[in-house]
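One structure, as structure tokens, below. Some questions next.
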Amino acid sequence: MEPLLSVNNLEVIYDKVFLAVKGISLEVPQGSIVTLLGANGAGKSTTLKAISGLLGPERGEVTRGVVRFAGRPLDRLPSPRRVALGIAQVLEGRRVFEHLTPEENLLAASTMHRDGAHVRSLIDRIYGYFPRLAERRSTRAGYLSGGEQQMLAIGRALMAEPRLLLLDEPSLGLAPRLVQEIFDIVRRINQEEGVTILLVEQNARAALAIASHGYLMENGRIVMAGPARTLRENPDVREFYLGGGSRMDYQRVKHYRRRKRWLA
Amino acid sequence: MLFLLELAANGALVGLMYALVALGIVLVYKSSGVVNFAQGGLVMLGGYVVWALLALAGLPLLAAVPLALLLMAGLGLVVERVALRPMIGQPLIMVLMLTLGLEAMLRGLAPAVWGADLKSLPVPISDGPLIVADLFLNRVYLFGGALTLVLFGALVLFFRSRTGVAMKAVSDDHLASWAVGISVERMTGLSWALAGVLAVVAGLLWGRVQGVDWTLSHVLIKALAVAILGGLDSLEGAVVGGLVLGILEGVIPGYLDPLVGGGTREVVAAFVIFLTILVRPYGFRGREVIERV
Amino acid sequence: MLQCQQIHRSFGGLKALSAVDLSVEAGEIVGLIGPNGSGKTTLTNVVTGFYPPQEGRVLLSGQDVTGWRPHRVARLGVARTFQNLALFRGLSALENILLGRHVHTRAGVLSAALYWWWGRTEETRQRRVVEEVIDFLQLEAVRDEPVELLPLGLQKRVELARALAAEPRLLILDEPMAGMNQEEKEYMARFILDTREERGAAILLIEHHMDVVMGVCDRVAVLDHGVKIADGPPPRVGGAPAVIAAYLGEADHAS
Amino acid sequence: QAKVVHLGLIQDFTRVYTFVTEEYNQGEQDYLELVNLSGGVGGYTFEALVTDTGNEPQRGIEAYERFKREGALVFDFLSTPVSRANVPRILKDGNVLITVLHGRSDATDGTTFPTIFPIMATYWSQATVVTKYVLDQEGGSLQGKKVALVHIDSPFGREPIPVFETLAGRLGFQFQDFPYPSPGTEQSATWTQVRRFRPDWVVLWGAGGGQPVAVREAIRNGIRTDRIVSVVWLAEKDMQVVGAQQARGVLRFEAAAAGTEPVLVRDILEKVYGAGRGHGDRANVGSTYYNIGVGAMATVVEGIRIALQRWGEPLTAEKIKTGLESLQGFDAEGLMPPIAITSEDHEGGGVGRISQWDGSRWVPRTDWYGAYRDIVWNLVRESAAQFRATGE
Amino acid sequence: MLYRQCGIRHTTYEADRALVVIPWEKLLAGLLGAAALAAPLYLPGLYLVGYLTPWLLWTAAALGLNVLMGWAGQIHLGYAAVMAVGAYTSVHLAHAGVPFLLAVPLAGAAAALVGAVFGVPALRVKGLYLAVSTLALQYLVDWVIVHVPAISGGAQSTLTAPPVRLLGLAVRSDAGLYWTALGYTLLATLFVLNLRRTAIGRALMALRERDYAAEIIGIDVHRYKAVAFGISSFLGGMTGAMLAFVYYGAVTPEQFALDVSIQAVAMVIIGGLGSVIGSYFGAGFVLLAPIFIDRGIRALAASLGLTLYAGTLSHLPLVVYGGLIVGFLLLEPLGLAKLYDNVRNYFLVWPFGYTGRSGS
């Protein structure tokens, strides 16, 4: 069966000169959770934006490669159309509409629906996932705590009833308990609603725990790919991405260890 | 006392007429974060278009105005498509400059096509004074003020709708708007179309007051002051700002001018704005910038 | 070094901090943790003078700095990094770090006007110090890049460099490791430890990565809803039921 | 080789003076065309070098420097700021500048400003002519009467104040000025004050879009139309905006006859427009500002004719200046008041008349006359002396 | 390989901070400088008086405003008023016998004082709200000039400036005045460039980007905002004085009206915020484009045999001018300086299409 999303040989250039993504390919099967890992600046967010069509405002441009969603190439389709097709992205750093209330944030994200009653029921469903949002529905989103904003950002993306949810670092800056909560909800959304998820995460431990497949990005290229379990057991991945958890002894980390690279 | 009341009443009405133009600015700002320096030019063009439909095409007023509304709304859409869409995501001050360029174009275009001489708009509102409780009121301003309030009400309702909320979202964050499926382009286009509609109304009324020529676009400066005084993104702010500015401009020179030999109006008004902003950095009703450290 | 006594701070009706005491001794690394919105960042803002407390006092090396404007506090040797990154876009990494030296720079319009006779020596002097920091944090390669084009991890490092360039006696780090992978976290942890060792600064560290907090801090304080609910050596704090309930959650603690 | 006189018509078509420039410039060019069609003057034909300044001094300077190098000897900026900015250069170069109904009123003093020619009545002179009319209407005494000057708050609007103040002292009327801010499209507060003053006469001192607003406000505030007198800048189109019937009776200062009856204007219609060589819309021909333009150019051409007659070729600015200073009783075949320009008096006597709107056109109410020259000349001498004192 | 950045190694920190590092650009700067200096030898006088002198002086004004708008990030809609303060001060000083070379900096100082006072709202407000309060400055200064004859010079509101005297010699020729303007603008440029590379320039940009972070690293934001207003007003005031003496030869209120303030802002924005070379481009464009478009359209109409009336002919250039502004911004939304930069970058990486980061 054809995967829901396939990216082929994608190349992205910023500002006409800087090559950020250098020909990557990946696949996300229908109904799965796939995670994209990688160091800072590897090009993960760029890849997601290329999929959701959000490169334009950042002076970025897809110069080569194809993104196919549900069997059709997306080419230069503008992002709202992609959202209507069922691709929704949760941006890195949350980016809620600060001056709107959570309720208005959700309403604003409902322009693809005609039916007001349906919108209402969607909002209620999202309040079901995130009861905290319902409590704070009428304070300005800019003043919500980090965790609440992240919930709102995810909820807002769900308003589109997406088939594919692109999550960019949902755990960024969240307290450990909230990280668990968010990942639980992500898993529920995947299981209960059948939403396919492409997850970019720095918290590789948590990501590989819920994902079925993983890709590893370095410097704009995919350097490793495979089932989550295989990646979890790869010694390099263990050393550079998973670490020792709370058992790690930071006092003893070597001074200025040279960074390992899969590609020079 | 009567003197004071009359100055205040007429000032308030004039202020509402400014607010009419300011609403166009607020509208565009609210939905795209762009300060529209071309609104004065649009008002002027609105006046010209109505004039052309009346005088050149010979239409009756009741046909000319709706047609002008349509044409100017269309122009708003065109402006968005041609000039603003490519600028999405660019620094706002550059977009602001772009609207200044647009203003220059409009200010050149209308007189080049229709001639620079003063044109009169035959809008049947009597010039005779309307005397209410011994106050001399200007009928045109009264009519304009009432119209402003009606349009204001309509806009407030509009911004409660889903489309209105989406418009506000656009001004907060373009990228995030796209990401959740809002067509930033369509929202911006809509706001410019509405600004065009408001410009026709303002052009009609201001054109009735002073005749139609390029100087109609001057109303921008006042409208901008009103919009900022009220808080750039607040519809109520524009109305309140217009009232406050209009009343101050009416009353203060009435008492100060004879003392210092005139001309205090602009200076005093400027100073009041200056002080207001010192006390309320985002105008009367503007939203503050949420800055989380 | 730093003493906060009975700090109260609220925003509108919201009590962000209530009666918080916190101290950091010279050479100590103190961790500050707590759920999102518990007031950690607000506390650092109180210390740096950004949000003066409504009640309570802030003492730096015995000096009462309550109500001082931030730039004066900075002159006493307090530097910080920001949770949401507050680098100066449009400037290169080097210039950002040079700005960190501002408290030690004598800047004058005249000296700039007479650059060749006067300004240049000062600039070069500052540059030497900054290059040491760049060396220390291994930022040589990105020195001349505009900061906004750097990947997040490097930006965080530049921000740390900017703080270090001020040669602070108290360094406040607000979530320096957010958005970093394991490897990068290890780097950052090493930098933090070395900063104390080589530069002798006391450090107040806010972090959600518990492994790091537990690993590098001498002491950990926990805030919840603006109230300090625990303060003590890492293992004891990490095991406190209140902390687990409010902050850590069961699963993570178990792992 | 064809002999051509170049004239630099460097004017503001797009900003403050837009309301007058198009028609004025059309009148100037049409008149030159008329002269050219009838064979020119002394073997010379005329060519206008036209450009827009947008009322920006630096654009005026650029154009002046450019046209000067293209051989222009006579300039007309029709903009006070641009003229003022160019005065030092004009004086230095010795070129001729005409400042019709704008510019420095003290340029009347030909000894201080040897090559600058206001030609028509300056604002100071207009104030005296207006006051004289008011005095005559009141039967020769203004004792106890009230005159309100409602003016735009700019140097132009404030210019007549000293004249009115002096005259108020001399004639015993009560004078008060009421400024409104530029651009003058909103004056309601000012008029509430005016009404409180209960003036017997209202003098309007504005230009462009502010003028119809002022007239309308005056009427609305219960001033009789035949008690409203305006500075020269009130034209047919303004009255249309006010409402042609409603404005019947309004008075204004007139510097040149309006309408198509004057001989020169008839000639232009017949010869220039007859030959399809007009420089603008035919409908403008004969309008107030158009005729002023014709008058201005007629005066210049007459000066040049005298210069060529008396001193022969080659034509120089110096000769044109002297030619202009030899004009005696020149009236452009009835278009203008007879003027007498001398080397002292570059204004030509400060003559004008009052005309009245009859619902469709401006009808003269008086003959051409000048008034209270002593007052004007005191101001001119004082101001010119100041210029000389700071000049170098 | 003149146009290459790689391969250039700095051995001292001083060399690294030099104004121009690429050999080809050093050459270019030298050539341009020489050409500018020798301009009176090969250019007709019209170019000196009509274009180059005002361009240079307006560039200096744009530079001053750029310090405030481009670096410190404060919008100023009353810059012409600041220039007016300088112009009137200098002319009055000169009439009182103060020599030109002293009158100009004193005028700058007076303008700096007034400008700094009007920077006070900047301590509280930002962006357009600040713009409106600076607008108050414009109205106030205009009002004072018009209403106080002692300042504006009597009934005619004109003050003639005495001739420029340098080292006891009166400078009157077009070339002499041009050189004076050139010297002044070069000094202003160097001053601004030096500011940019020392602590002050950095501090200003820091407060533009994030004033709270600037405050926390020890920059006294209030003081530096005042400094920004002061420096920029100082340059503005001096430039106003130079315009009065070197270019207009007289001062009148309209030379520094609100329109002029808006033009100055346009120069800075169209040129490119914060860019020194952009100030040259922006001033050139705003000042000269209307003139050349007007000339071009008239010439075009004449050569096509079109008989357009003077009014129409004068309004069309406005359309083209506005259209050019829109067009340039659509082509390169960051201003002319960025356009230039794109070309330069193209050569820097030539013959490669793109780079990784230059360090890597």
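Which chain is which? They are A, B, C, D and E, in the order written, and residues in each are numbered from 1.
Here is the rule we use: a residue touches a chain if its C-beta (ideal position, glycine included) is under 8 Å from a C-beta of that chain, and two chains touch if they have at least 3 such contacts.
Worth saying up front: this structure is predicted, and the values here are computed from it rather than measured.
Annotation of subunit B and subunit D: jointly contacted by E, touch as defined at the top.
Within the contact network of the assembly, the step distance from subunit A to subunit D comes to 2. Looking at A-C alongside B-C, one finds more C-beta pairs in contact between the chains of A-C. Centroid distances from subunit A, each centroid being the mean of CA atoms, peak for D.
Inter-chain centre distance (subunit A to subunit E, centres taken as mean C-alpha positions): 46 Å. We define each chain's centre as the mean of its Cα atoms; on that basis subunit C and subunit D are separated by 72 Å. Centre-to-centre separation of subunit D and subunit E, using mean CA positions: 37 Å.
Subunit E has its Cα centroid 40 Å from the Cα centroid of subunit C. Counting partner chains per residue, subunit D shows two or more touched chains at residues 13-14, 22, 153, 281.
Residue positions of subunit E touching 2 or more other chains, listed in rising order: 146, 212, 311, 315, 317-318, 357.
For subunit A, residues that reach two or more other chains under the stated contact definition are 18. Residues of subunit E that touch subunit D in their complex: 44-46, 49-51, 54, 95, 146, 152-160, 162-163, 247-250, 252-255, 259, 287, 290-291, 294-295, 298, 309-311, 313-315, 317-318. Per the touch definition, subunit E reaches subunit B in the complex via residues 75, 121, 124-126, 128-129, 131-133, 135-136, 139-140, 143, 146-147, 212, 258, 262, 266, 269-270, 273, 311-312, 315-326, 329-330, 333-335. Residue ranges of subunit A in contact with subunit C, taken from their complex: 14, 18, 37-42, 93, 144-148, 169, 172-181, 202, 204, 239-251, 253, 255-257, 259. Only residues 88-89, 162-163, 165-166, 168-169, 172-185, 287, 290, 292 of subunit B touch subunit A when the two sit together in their complex. Looking at the complex, you find that subunit C touches subunit E at residues 48, 50, 69-71, 74-75, 79-80, 82, 86-91, 95, 98-100, 102-103, 105, 107-109, 111-113, 115, 119-120, 122-124, 126-128, 131, 140-145, 149, 162-163, 166.
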